[in-house]
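Consider the two complexes below, in which subunit A is the common component and subunit B and subunit C are the respective partners.
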Partner chain A sequence: MSDTKKYLVGIFDDDDILMHAVKDIRGAGYEITDAFTPFPVHGLEHALGLESTRLHTAGLFFGATGTTVALSMIAFINIFNFPTDFGGKPNFGLLAYVPITFEQTVLYAAIGMTVSFYYLCKLWPGKTPKIIDERTTDHLFALTFELDESKDSEYVNAVSELLKKEGAIEVYQKEV
Partner chain B sequence: MASHFESPIREPLITGNKTYKQVTHDIVRPTTGKLQPKWMFWTFIAACGAALFVFCIAWEVYFGIGTWGANKTVGWAWDITNFVWWIGIGHAGTLISAILLLFRQRWRTGVNRAAEAMTIFAVICAGMFPVFHMGRVWDAFFIFPYPNTRGPLWPNFNSPLLWDVFAVSTYFTVSLLYWYTGLVPDFGTIRDQSKTPGRWKFYNILSFGWIGSAKHWERWESLSLILAGLSTPLVLSVHTIVSFDFATSVIPGWHTTIMPPYFVAGAIFSGFAMVLTLMLVARYVMDLQDYITLAHIESMNKIMLLTGTMVGIAYLTELFTAWYSSNIFELYIFANKVKGPYWWAYFTMMFCNLVTPQVFWFRKLRRNIYVTFVMSILINIGMWFERFVIIVTSLHRDFLPSSWVYYSPTWVEVGIFVGTIGLFMFLFLLFCRFFPVIAIAEVKAILKVSGDQYRQKQLDEVKDQEVYKNITVGAGAWD
Partner chain C sequence: MNTYVFDSSTKSKLIKAFLVGLVLFIIGVAIHWNDGKQVNTHTENTTAVAAAHGSAVEHHEATAEGHHVQPTLKTLIVANTYNVFYFGFYIALAALFFLAATNVAWGGWHIQIQKIPLAISVNIALFLFLLIIMFIFFNHDIFHWTHEELFVKGSPTYDKVLDIKSDFLNLKTFWVFTIIITLLCLGMAYKWWNTLNLMDTNPTRKLFSTSRVIGGITIVVIAFIINTFATWFWSMSIQPHWYSTMFTWNTMAGASLMLLAVVLLFIHYLKSKGYLPNVNENHKHDVAKLMFAISIFWCYTWFAQYMLIWYSNLPEETEYFRLRRSIDNYGILFHLSFILNFVMPFLILLSRGAKRNDKVTIVASIIVIVGQFSEFFLMNCPALLPKGGYGIISFGLLFMIGSVFVYLTLTMLSKVKDLASTTHPYVKESYNHHI
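And then the complex of A and B:
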């Protein structure tokens, strides 16, 4: 937690203005580090040029794992480990396995995806968050630009000007 | 603005010219400040109910199932009636949050959070009944398939009772994950609004350190959508499997293929009734009329009219099928339901579930809060009696007339049932005080589509056109 980074922050008060600004700023060739919004703004991730999440693909694999575990376990138990004669019916009664297999598929997919979500986002109970601006969970929107060694004051001025031109209500630097 | 467009003739879902900041303020406000005496009073009453539950359960565990009125003939009685009733109530939450999300029904955002909370609390209450019905509750873990020294002896994977164990536990887990993941960003909002370090810390732990980064939101939306997709068949499967508990047996009155759709419709019906009972009070006490509008109430009443009528058709179909089957046992059981010793239960069920919901054909009554509240209570009662009719009247006169009985509950059974209502209310009151009752982020996301001032703006753009001439937005315009 000791390593802090310096950011140039532009604050917006409207999601439509923000979307427009993101497109223009990226069009001008500046890299936006991150955006913080109080609610999911549709299309923002594409405007920022983020790769689409593969969380749903992970969900498919978790679900398939659930299906496999449930089916193979029930089949193993009913056929080999504990075969029981239910009025001469076959031990492998696939239709009767459907409900539990379905429930296990859903359960594995849901738990797997939720855990992956928190893992990928690096969120856990008790984490000390690096909050850029407290108002971004309320009513404002923030764009951040990381300022490392390579960024000189010329860069800062240019981006600040651009942010203001695009409708940012505040522009400031912050270390978190 | 194109992404925010919706036909201006649609009713606004957020009234009062709200801004993003006001939305935050209105929903966070009930979680702040000193505890209200009124809240403490009702929470104390509910806690007494929960204590009654604990006492009656302890009594039952110590003295055994003999303390109940259930007997050899009526083996499933109040206990399973209550189980099915509570599970049914839980269905509205997942329906609102999952199925209505997939159908892009924006009115779900006002009520989904509270309805999901209700689902979780209702499933907690429901789960108690089959567990304590086992009698030797300390052996309850025998229901799980795990390698053991008893053979190994496995549960019967072909039995609907075991399917039910898997269905209910999966339903509870998935609902909990879905609900909590939705809550995380809103806890972040409350944290950032907190004025004291203790409060900040408390909500920071609950929020998992949420900061609202664009990438997090994208993953969050993806997760919500997939969980909704998974929950949609799940919610239908749970009550289907509960109905299998009955339908796969050979008891006349239970052994029918109509059971799954009939149970699912009934579950959604009773779930919405309970959502309305709670939310009509909550919106008034917590001043949320701008977020849970008459449009929301009307939409829910429409769903109740639909599902209530489906249930009614199922009742009539059952009677027809019994007559058409020419099977004397089937015929007798239904004649006994209608005019046997439990005729009053059948009458209550028919009256509350089929007859009275028909008032919702009238728009004026759908939008009347008092009518809606009375109806929601009637439906809750009616749906409890539906399960009572299915279970007790089908069992109390079995194949052997010498074992016919008239079942009545004992104080222990009544106490456990009343106690679960207390437990449910206790959890719900805690939720109302400490959690955001309305999904803050989701309401903000639809504000520009369904907020009244934005709707007015959209209307202003098109009002020169002939079709929009007589349309107005705002209070009273839709009554």
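And then the complex of A and C:
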């Protein structure tokens, strides 16, 4: 695989220490690429300064698509294609359309958002996962710093020092 | 600063609100003074009223083609007053339900604000008293089925449907259930008031588990006894030929929606006076979020009832919506109530930022209260006032009874020793609440 990236990894064994470390490291002006935790740490996404997701906006558009498709399809069938008399109800009976339209909206939003979520997380069937440290799925916490050409050894040393000072139990570089 | 002081400026504002309501009411009475006086000279007044609010199709047709029946001033005032009392009773009942649900679920976030629904729930005594007075003195004006002549076989007023229903729908069961509901409500309100206030001075483990036990009992009692029979006897039987299994749900969903709006306004008021220092936008966010969710639930029940009746198209069921949906009576209000209770809160409170914005949530709360008031009017009054009657008298009474309600609630809040429940075992969770 050619598209590997190099990371500086700091391993922590406590979520409180991790939270303080994140605040201090960001306060010192270093950009944290990502954090890996075995369980959701409350408030970590705000401390990391991550952008809030735009998935719900996508959900709105998927839902709106579902509403439009359902309404136009039922209306087309009931009014033009195959008009049928159900107990004297009008062919354009909007009330009767509502349950199906609702279901269709939910279906489109759910499927669309699931697919977008997998796409955004770069997860799809047959994909080999990139795992920074397998222990982060069990009991340890990891902070990663992406190392590209602009980051020299001075940067690596400074961040490593800072990580150790903040209570990291391990600091290493890894290419995944 | 943990005890609320009911200051005189608030008192005078409430008295002014009451006077505004009184002026509106008097103006309304003056406008409607001659209502229903020029017609019905040939029939007795009571039978005219009975025919006017009889919901059987044949009754309605007969009166509609005979002469243009206008409700009398008495019917107008009685229907509106009864509606406001019923509305107040349901806010207090929803407050009990809120306390029960949050305590049973081991809720932590609401601990600091739970004295507000507690104070609201005390209003149940006042409104039950007022409702029972209405039942004693105006039973025949409100409930069509209480007229004896409907059950005389062979007479022209004989009503077969009501005669079949009379095994259940008669004055004896009505009073038995009214008394059962009253006693249960008073008992639960008393028990909640005692338990939660004792916890301020003497927070023991036993009291904490007691609050959860009575929470469970309250939910079951409200679901299966109070809410069911109160809506059947006190609201659905106003239009006695009609019935719907969604009606009870819909009423309680609407009442809970309205309660959350009222609680939100009380939080804003207490915060503006400097009380509840540790209540922040996270708690208000939760209340607004519940309001948003219950608005959707209310819409679900409302729509389910409407659509099922529209689709099955049975004459005894469609009568309810025929009366409310036709454009010359209540059509505008009917659709407006849907917009005020669902469309507007849904769109206003959809985003996270809106739920955390004080001004937006206040506007949404006021919309919801007006919407639910209209909705309760639509449940109770159209059978009594088939040609319309929602207007200045309704709002005059809403202001009057509303200011009495707020006055009593704030008085009860000032009797609470610890407004923010700082000794409750879960109060730390409420302080640290963050979403």
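Remarks
Criterion: the second predicted complex is superposed on the first by the 175 of 176 C-alpha atoms of A that agree within 3 Å, B and C clash if a C-alpha of one lies under 4 Å from a C-alpha of the other, contacts with A are read in each partner's own complex, and residues count from 1 in each chain.
Basically, contacts are C-beta pairs under 8 Å (C-beta built on N, C-alpha and C of every residue); 3 or more make two chains touch, one makes a residue touch a chain.
As the structure is a prediction and not an experimental result, all values here were calculated from the model.
Once the two complexes are overlaid on the shared chain, A:96 sits against subunit B and subunit C alike. Of the two partner chains, subunit B is the only one that A:138 touches; subunit C does not reach it.
Of the two partner chains placed by the overlay, neither subunit B nor subunit C lies in contact with A:171. In the superposition on chain A, A:87 makes contact with subunit C only, not with subunit B. In the overlay built on the shared chain, the residue A:43 is in contact with subunit B and with subunit C. The partner of subunit A that touches more of its residues, comparing subunit B with subunit C, is B. In the superposition on chain A, A:71 makes contact with neither subunit B nor subunit C.
In the superposition on chain A, A:128 makes contact with subunit B only, not with subunit C. Applying the stated touch rule to the two superposed structures, the overlap between the subunit B and subunit C interfaces on subunit A comprises residues 42-43, 96, 99.
By the touch criterion given at the top, residues 303, 306-307, 310-311, 313, 434 of subunit C touch subunit A in their complex. On the side of subunit B, the complex with subunit A involves touching residues 1, 3-4, 19-21, 24, 145, 151-154, 156-158, 160, 162-163, 166-167, 170, 173-174, 177-178, 181, 184-185, 188-189, 191-193, 204-206, 208-223, 225-227, 230-231, 233-234, 237, 241, 244, 440-442, 444-445, 448. Partner subunit B is touched in their complex by these residues of subunit A: 15-16, 34-45, 48, 50, 52-53, 55-56, 59, 63, 73-74, 77-78, 81-82, 84, 86, 93, 96-97, 99-100, 102-104, 106-107, 109-111, 113-114, 117-118, 120-121, 123-132, 134-139. Looking at the complex, you find that subunit A touches subunit C at residues 42-43, 87-89, 95-96, 98-99.
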